[in-house]
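One structure is given here, and the rest of the page talks about it.
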């Protein structure tokens, strides 16, 4: 009897993908029994360009373009690493503003991920609903930074713009609206029968595997692995503004969604706290000198831990910028999850990882 | 499921969220980061903006009949490519005379068509610049 | 941030005895180009639920040296090993080229002699 | 004469329904949506496109799908034998499935497979619905069914079973796995383009006409009830479409066959006792 | 005869040729209720054979080159190409990096350049409107991509790599 | 005239045995044509029913033959070391002895030709004949001696003769003899190659069919004891509601011959056996005895029996279709679908309403033709292309459009309007639907029918699609040595019978016109669709169109494709067999009580 498997490709161009990545599933009927992947489509050579093309002070804007979704985390991690090398302390207000934008970014990114997961699960209305509500966040981000996506808000020594009273008011208003919406999503995700068929028990990762594959971000937290860099670094005062770790135990798509939804709620709370307790002070401190030495900085991007390693020798050009991105670290876990699932679930599973290949390949 | 169901039904009788762009234009907030604008008269030709710009969207290249600005000793002309610019505002932050020589407006850039040769012409400028540097 | 130098030969043993996968989180494998055709290879770990505890094991090697694979100890190291192979053109056991670079791409882009 | 006109305009009516549905859906999703005549714009545009074909069989089968479907609708309007129509409809589905398989494209294959499976789910139910009508009116002829009074009350369970089929047939959530844009990019239709895609596109409209013509059979000769049924079900189907995600083929078959078959059986058994 | 309907029904194919995602998310945002691209009849088909507008984002990384060309050639005429975002137009911030090609117009003829980083939905709509004007003018003559590649060959490893990239076409003389 | 149909093939079989190759072929073809002509003539001119008596002298001859056959079985059982065969043969001999010891009083004619019989003549002679024509060439490609080859053809003709006789007889004793003779034929044909598999399968076929023989003998005994007759017509005319045992036993014999589940193994064995011709013969003609017998018995069935046989038949239809879905072997698929349709035919026959009987007849005819056509193609596939599994027939259309055409027509004619088999199925639904009002249990029959017919359609098109799929191997240039890469020429001997059958199918459409089985519009329109329109388009439009490659996510790499397969766990098979057996037991119990 002849062999019965089919190859189903997903990508590099595919409607359920926003980014080029290629999976080739070996399927029995529609059950996935093997996965091949190619993640190198977006390799642009940013790490090299950071040491040859750009001076250290421009790199913050360049690394933001590693990825549009957590651009802010990239420029923040880089900037903080450089600040470490340069020495000198930046003002508390600037730090608070940095957290504010970081959390806003997390909110919009999580919302995008949730909506995209719904879209890939064939729930167009929910996609539209979340995307529609996400505009509330986009609006305040634009007010705050002047651009909807690439914020370019952080520069070495502080932030680029101050927060005026009106904007602050608007932010509080919109966030309150978003909060109400998030509760309605939680209701929908838990109670919609068709979504539970699509999400519950699908694409599950066990806690053991999460440890073994060093999973991070919502993917790991959904399995009950409490890893969140916000919990592991001192640099920004996350505790002060009310950070709480969100975990879940099932490890399936639904668990990831729940973790994201709860994180949005937590972020909303943090934003409120920040705006209420925003300290006075300068937003920018000029830092002098050229970076010399090694620094390693980690931050929690929406998709998990982002790490920058910077090495300078005292000139304007750096010696090495190493970017370890969240999705990159999760790829071994991804392939593992696909095995044994149905192809029909693959796009939704993929979207629920919230992968960002553009940072994976840099 | 029922809540979505009811919501969908209610939405039927609501005004849609859609803004009817381009029929009704969008008013940009004044803080919006739009096109970089240049005031020739105030420029002191320090070329800081050119050096600061990450993608190299500002180029000062030598031309035949340069402007009458006395600071322009090398006979350079300002070139700006909005299709290369990433609207980061770094040039403005670098400029010693922001708001006069160089500022970021909230105007949105225009879309270009094939005949505008946005890329090809810039290659020429870049080549010129390189020649000048090696000189 | 704690840096520990190891010899390339003993790196497998050192890390095997150090790495408790329930305590330590493998961050990544990093390469830093040095002068004279040498590079530093770093294995970076962080501790779960601890403040700023990062441990870096590093070895300084020639580009010609063969780096042992850790993918049996740390399954997720596979992909960073492949990345290292691509970016520095070094040899890592069991890791092939081509994760990012195509045949006509620049090869070994992160070696210092090209900088 | 009216019938002939109706048949000729059937695709247009279907197109209008489709257009209306798109507007409706957009409004349900809180957006403005395309113009009502959007499907016709699409149709004209497709006529104007360069024609690409993969291989002749593929294209011919696609055209035959369209023609057969049109014939099905024509027979329905003429009031022919319902059972025959259901089988002819199966034929049209088979054409598109064959088309899906006749190209070397995975998505087309997967789509065709799913189409086959969904045919497996709805054909028995359609046959049972037809038998229900037969038991009510003693004939499979649609013209007879139309002349008799409404049979929705005695056939209520069958009506419910038929409601389950509508999303499946029109490829709407939650039963749209056969088209599943995010998974298989439209399934069988993926390899058609230009003028040839036109046939598939219009066939989709005809599918609307077919399904809703079947639906109004439940209203018999009661035109008012027919209109109410049509509008109500149209709205209902779209609301459900907007409140559910796509479920997997496995579940589709389990749900549709399980529920609809039980409903149908109960109803027929009830009828035979009365 | 049907020329004027072309612009009423633009179906879109989106390809990401190595962008940072910024612009891609904005495409999603443009499809979402606030901007609702479907007002113009836009459907995101994801299928080159049924699309009229090729919406490309990203500066064209090496590995995405042949896919770009392949998708382009699979689209039936008349078609227009929109380069969305600064990096797609000219390479943007990635200009001159070793693994990118400084804009997609080195491979396929681009009809509309939409600047911005990220290009906002507003600009995207501007671009689409512009593209529709151009679409109406287009003939059905076949437009060719500037460069082509040899057939890909596949291996059984995890990653299949393209072995040889053969460049042909008019642009080669310039290099 | 019926005597011609019975005797001529018998004599001709002897001729064939000794004639040289060329002569044999020519003679055979001429003779098949002759038989076909006679059968058509009979169908058109004969005023049924025709009754006749055989000479007294024949009876001892038949008894002798019976004994010989039974002894032969016994011997085979001993030689082949099969205790089952042996036991059954002994049982039969004992039962036969009992039958001989009894004597029936009521007498009727030995020969009774009804309209059903003339229909069967058509089938046997034309379809069977075409198969023989096919076999002429087929057997030449085998490595056997001249005599053995001729013997093969001779057996086939002998088989025709037996079949013609079996549908003409009214005497259950003679029927038993002929039944055993068909068993003998199938045994010989299946075992023809003499390999391990062949022998094994042939023995299985033998003992299973012997079960049928036992059932007939039992029926005979009960019939003589209770009704005092050995004739069908008297039995049926005098039947009493409370004593249906002989009828049910005969029905069971029919189930055995029709390879209904749980007796399906033997027919499938015939499929796997390396002699396709026997498969063809079995599946296209021999098994038709089953519905024929059922039709004969139908008037005698009461509500319970007819209901349960209908239910069982439709259940077989459904489950065989389901089982077929899980198969990959082309002939096995055909075999299962034959079993399924036979189940349906028997169900319809048992239903017994005029409508149902008409449906049954229509199905009977067209199923035979279509299946004959399909099996011929399966034979060609095996001989010319060495293809057995549907998964391998990818892109056959590029190699042999003709075979693909025949297969397509074959499958289409089983499922689609306006072909006969479709009409049969269609009428089946109508007639069962009409019964539901009487007893809601028919609902299940209807469900089985609806599900089964959808499964079958699924099955056929699963196979069909493979034919059209693009042939990747050929394109990639790594075609296996067996799969031919170019257009393949197929011998005329092979295609001629196919054309004949095709002609019959088309003629069938004409008949359905004549008999107004369907509206004329309902026939013409699909015909137009299937035939003309595509041609029109193909010739007009495609020259201008551009050819492009398939969408593959922008990748150029070739992708491996395969069919969906439906994995049927063993469990399901067992359940189905158990259910069917249970149903039979219930039927028996119900009747006995």
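When the chains are written out, they are named A, B, C, D, E and F in that same order, and each has its own residue count from 1.
Convention: contacts are C-beta pairs under 8 Å (C-beta built on N, C-alpha and C of every residue); 3 or more make two chains touch, one makes a residue touch a chain.
Here the structure is a predicted model, which is why all the values come from computation and not from measurement.
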item: Other chains in touch with both chain A and chain C; value: E
item: Chain closest to the middle, measuring from C-alpha centroids that were averaged per chain; value: D
item: Distance-maximising chain from chain A - centres being C-alpha averages; value: F
item: D-F or A-B, whichever has more C-beta pairs in contact; value: D-F
item: Whole-Å separation of chain centres (CA-atom averages), chain B against chain E; value: 22
item: Centroid distance [mean C-alpha coordinates] between chain D and chain B, Å; value: 52
item: Where chain C and chain D are represented by their mean Cα positions, the distance between them in whole Å; value: 58
item: Distance from chain C to chain B - Cα centre to Cα centre, in angstrom; value: 41
item: Residues of chain C whose C-beta touches two or more other chains; value: 98-101, 105-106, 109
item: Set of chain B residues in contact with two or more other chains; value: 1-2, 4, 7-8, 16-18, 20, 54, 86-88
item: Residue numbers of chain D (touch at least two other chains); value: 26, 28-33, 50-52, 106-107, 109, 113, 181, 185, 190-191, 193, 242-244
item: Residue numbers on chain D that touch chain B, as the complex places them; value: 24, 26-33, 238-240, 242-244
item: Chain A-facing residues of chain D, complex; value: 28-31, 106-107, 109-110, 113, 173-174, 176-177, 180-183, 185, 241-251
item: Residue ranges of chain E touching chain B (in the complex, touch as defined); value: 33-36, 39, 86, 89-96, 102-103, 105-106, 109-117, 120, 122-123, 125-127, 129-130, 134
item: Of chain A, residues touching chain E in the complex; value: 12-20, 36-38, 40-46, 48-49, 53, 61-62, 65-69, 71, 112, 115-116, 127-128, 131-132, 134-135, 138, 147-150, 356, 358, 361
item: Chain C residues within the chain E interface of the complex; value: 96, 98-106, 109
